[in-house]
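Please read the structure below before turning to the comments.
Note that the chains take the letters A, B and C in the order they are written out, and that residue 1 is the start of every chain.
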Amino acid sequence: MTILEVEGLGIDFGGLTAVGKVSFSVDRGKIVSVIGPNGAGKTTLFNMISGIYLPTRGCVRLEGRDITGVASHKLAAMGMSRTFQNLMVFQQMTVLQNVMAGRHLTEGVHVLPDLLGLPGSRRRNRESEREAQRLLELVGLARGARREASELSYGGLKRLEIARALATQPKLLLLDEPAAGCNAVETQEIDKLISDIAETGVSILLVEHDMKLVMKISGHVVVMDQGEKISEGRPEVVAHDPRVIEAYLGTEAEGAKTHASG
Amino acid sequence: MSGLSVRTATLLALALIVVLAPVLFPSSFYYRVGALIFVNGLATMGLVILVGYAGQVSLGHAGFVGIGAYACALGPVYLGLPQILCVVLGAAISALLAFLVGRPILKLKAHYLAVATLGLGILIYMVIYNEGWLTGGPDGMDVQPLGVRELLKDYGIKVGSSELWYWISGVVLLVGAFVALNLHNSPAGRALRSLHDSEVAASTIGIDVARMKLTAFVISSVYASVAGSQVALMNRFVTPDVAGFIHSVELLTMAVLGGAASVMGAVVGATILTALPQVLTVFEDFEHVLLGLIMMLVMIFLREGLVPSLARRMRRSVS
Amino acid sequence: MAPPPPNNGRRTDRQGWHMSEFLQFLFSGITVGSVYALVALGFILIFNASGVVNFAQGEFVMLGGMITYFTYAAGVPLAAAAVFAIVVTCVVGVALNKLAIEPARGASVVALIIITIGASIFLRGLAQVVFDKQLHRFPSISGDDPIAIGGATILPQSLWIVGGALAAFLALYLFFARTLTGKAVVATANNKLAAQLVGIGTNNMMTLSFALAAAVGALGGVLMTPITLTSYDVGLTLALKGFAGAILGGMGSPFGALVGGLLVGLIEAMTAGYISSEYKDAVAFIVILLVLFVMPNGLFGRSALERV
């Protein structure tokens, strides 16, 4: 049972190919990781899947429906939500309000009752608050719920974004480098959190730069280099794929390359 | 502010100000200044919703003030409507115009949006200025009274015009504050405020960015229009200047000076900018110099505005 | 509101279409369009270097005209007065950057908009206090005898304005394309950080852009005043029309600004001539709105992607 299919997806920026033709799929309830060295086109791929960039070619299907070029707010309603590599937390809200904002689709838009502070508006607020509290507990931020979001640590902000994305009740969650910039302890916590989320039945597609990190939790890994998919499969298989080693060594440590091949 | 929500505290404080300020008024002139402050405060609150909550700029909001004002000037003459309906009509026209024009305009970002709203405001001004057969052109036109004083007189209550408008505008301001504060932490309000920090992030949690921007634009146009109607009814006279560019800029400055995201800030900003020219009449020639200076200084040194900056400082000294 | 452009042409009957009438509107359009082009050039100079839309650009034009007038009235020869005005306006431009734009580093776009509008109102208010509220004019460079062309007439000063716009465009074009400093400004615009890394003083580049923009604006003021007159409050309208030109030209190249400014002037003159002189000032906004909706990148601009 696949939830997401990506078929021949690619994009050109001003004549330059950023992503060539990438195909893969995500099975329901599974964690799939896209890895690759810096500049491999992972985030660009993500931006195409989540409707922020319009792809030049190829298509994306969510639960069998073609969603290529669909606006991202509509994708959220179809059950896809995402986080960002360079955080996009609502800085002017409290931690709790950030997650409550993620309940937008459940709350619906009822401007007049909200302006007048009618009971219906307050009831929706209470429901959202309860659910947001629950999600903050899940990501381990329940204690600082009333603090300004801007006061959180870097790792805290990352988890806040995950909680906000979860508040949209996604079937598929896209995580863009959830552990980038986190220390070892924080990284482990995020790993655990991602596994926990997957266990609740949410499918996860994650982009990660650090290979070690995804090996533990992913069931399937897609490796990209220079805008193309160069390998995919189970993590332990991919890790020993010579093309993958080449790609990583080639960009990460030019010096090591000579050792590896020589 | 433990125990008391910001919403309740702000409303209480505003109500106290409205009720207690007259104790300090030595003459009816001060009632008039007070009423002007409340009316400007109302229009500024509309901008708080647009600029402070939703993060969109408007340099043409006086255009909606003008629509509200001229609705009360023209409505009774041409349509035979009672003034109270003219206020509603003005608000409806403003909302409709904001809705129709906002759709394309709000797709624009930052300076493009600023210029487009500026253009909209100036177009409204031009129509009022040029269509003299209808609006009296640059000479302005008289406005029929609201009729409340006559009504009160029938009951044997005599009240001066300034005093009456002080209380009317004070009550309308409180209603405006009530609505803006309700919105702040409501589901729709959160959706608006999420645009302020990141439109992209807002869209990934399902928020229809264009629709929410439009909502903020329409709501704020109604605030401006009702404020304009009050100015016209209070002065019993309107000129195209209510819709002018300088007035738009003044309103925006009031919003950012007090604190663009703060309802209380709207009143503080309106108080300072409205009272300043009245107090410093000596500086009449320097009015624009001061306005420009305030705009620059606030944005350089006090970017959050007075009220949020002070609140932060107080919180820090408490903890 | 800017004073209307001169209408030296004979008013013929409204029924028929007259070549001479059309020519007259054309000349008038090219004249004001050249002023708008100068304003537009100033806009893109600053926008390219700093991403700031300087709403005070029109005040540079106002200062150019007003300072020239008052210096000239004090007995200084016209040419010297004009040079003095341009230099003083340059200083104002640099001061604007140093005192208001640089200290606001990292401010949001909305904050920068408010700052430059504040600067515009400040300068306008200051001009009202330091000078006066009257309309002023000083003599044209080559006299006021109209030159007859095809049944229409054009003032020699109009030719000076057109020439001034072309010269400013050429000078800027050569500056950006041929000189090292010009290339440094372009580099700063493209990527501030990278420019810093290769040793370009990006702050100096911004200051230079403000100085050049002020000079170009002041030049416009000096050239236009004999025809359109000037007063303390001409800046805003000019800024908006120049901005319309800059947007029409794609908010990037000097060539786009030149063509965009001229087009706005032409459309405005034709509107004033054939449709309604009351609403000629509305033309600029309608141009702005149409361009933004129909072709957001203008005639010559390139599209940009939002980075996420």
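FYI, contacts are C-beta pairs under 8 Å (C-beta built on N, C-alpha and C of every residue); 3 or more make two chains touch, one makes a residue touch a chain.
The structure presented is a predicted model; accordingly, all values stated were derived computationally and were not measured.
**Student:** Please indicate which chain is farthest from chain C, where distance is taken between mean Cα coordinates of the chains.
**Tutor:** Centre of mass proxy via C-alpha means gives A as farthest from chain C.
**Student:** Which chain has the mean of its C-alpha atoms lying nearest to the mean of all protein C-alpha atoms shown?
**Tutor:** B
**Student:** Between chain A and chain C, tell me the centre distance in angstrom, where each centre is the average of that chain's C-alpha atoms.
**Tutor:** Their C-alpha centroids are separated by 47 Å.
**Student:** Distance-wise, how many Å sit between the C-alpha centres of chain B and chain C, to the nearest whole number?
**Tutor:** 33
**Student:** At what distance in angstrom does the C-alpha mean of chain B lie from that of chain A?
**Tutor:** Between these chains, centre-to-centre, one finds 41 Å.
**Student:** Got the chain C residues that touch at least 2 other chains?
**Tutor:** Within chain C, residues 308 contact more than one other chain.
**Student:** What positions in chain B touch 2 or more of the other chains?
**Tutor:** As it turns out, chain B has residues touching two or more other chains at 200.
**Student:** Where in chain A do residues touch at least two different other chains?
**Tutor:** Counting only residues that touch two or more other chains, chain A contributes 52, 84.
**Student:** Quick check on the complex: what are the chain B residues that touch chain C?
**Tutor:** Chain B reaches chain C through residues 51, 55, 57, 59, 104-105, 107-112, 114-116, 118-120, 122-123, 126, 130, 200, 245-246, 249, 252-253, 256, 285-296, 298-300, 303.
**Student:** Residue numbers of chain A touching chain B in their complex, please.
**Tutor:** Answer in residue numbers: 50-52, 71-73, 75-77, 81-82, 84, 88-93, 97, 100-105, 107-111, 114-117, 121, 124-125, 128, 164-165, 167-168.
**Student:** How about chain B: which of its residues touch chain A in the complex?
**Tutor:** 178-179, 182-183, 185-191, 193-194, 196-198, 200-209, 211-212, 215, 219, 261
**Student:** Please name which positions on chain C make contact with chain B in the complex.
**Tutor:** Touching chain B from chain C are residues 53, 100, 103-104, 107, 109-115, 117-126, 128-129, 236, 240, 243, 247, 278-279, 281-282, 284-286, 288-289, 292-293, 296, 306, 308.
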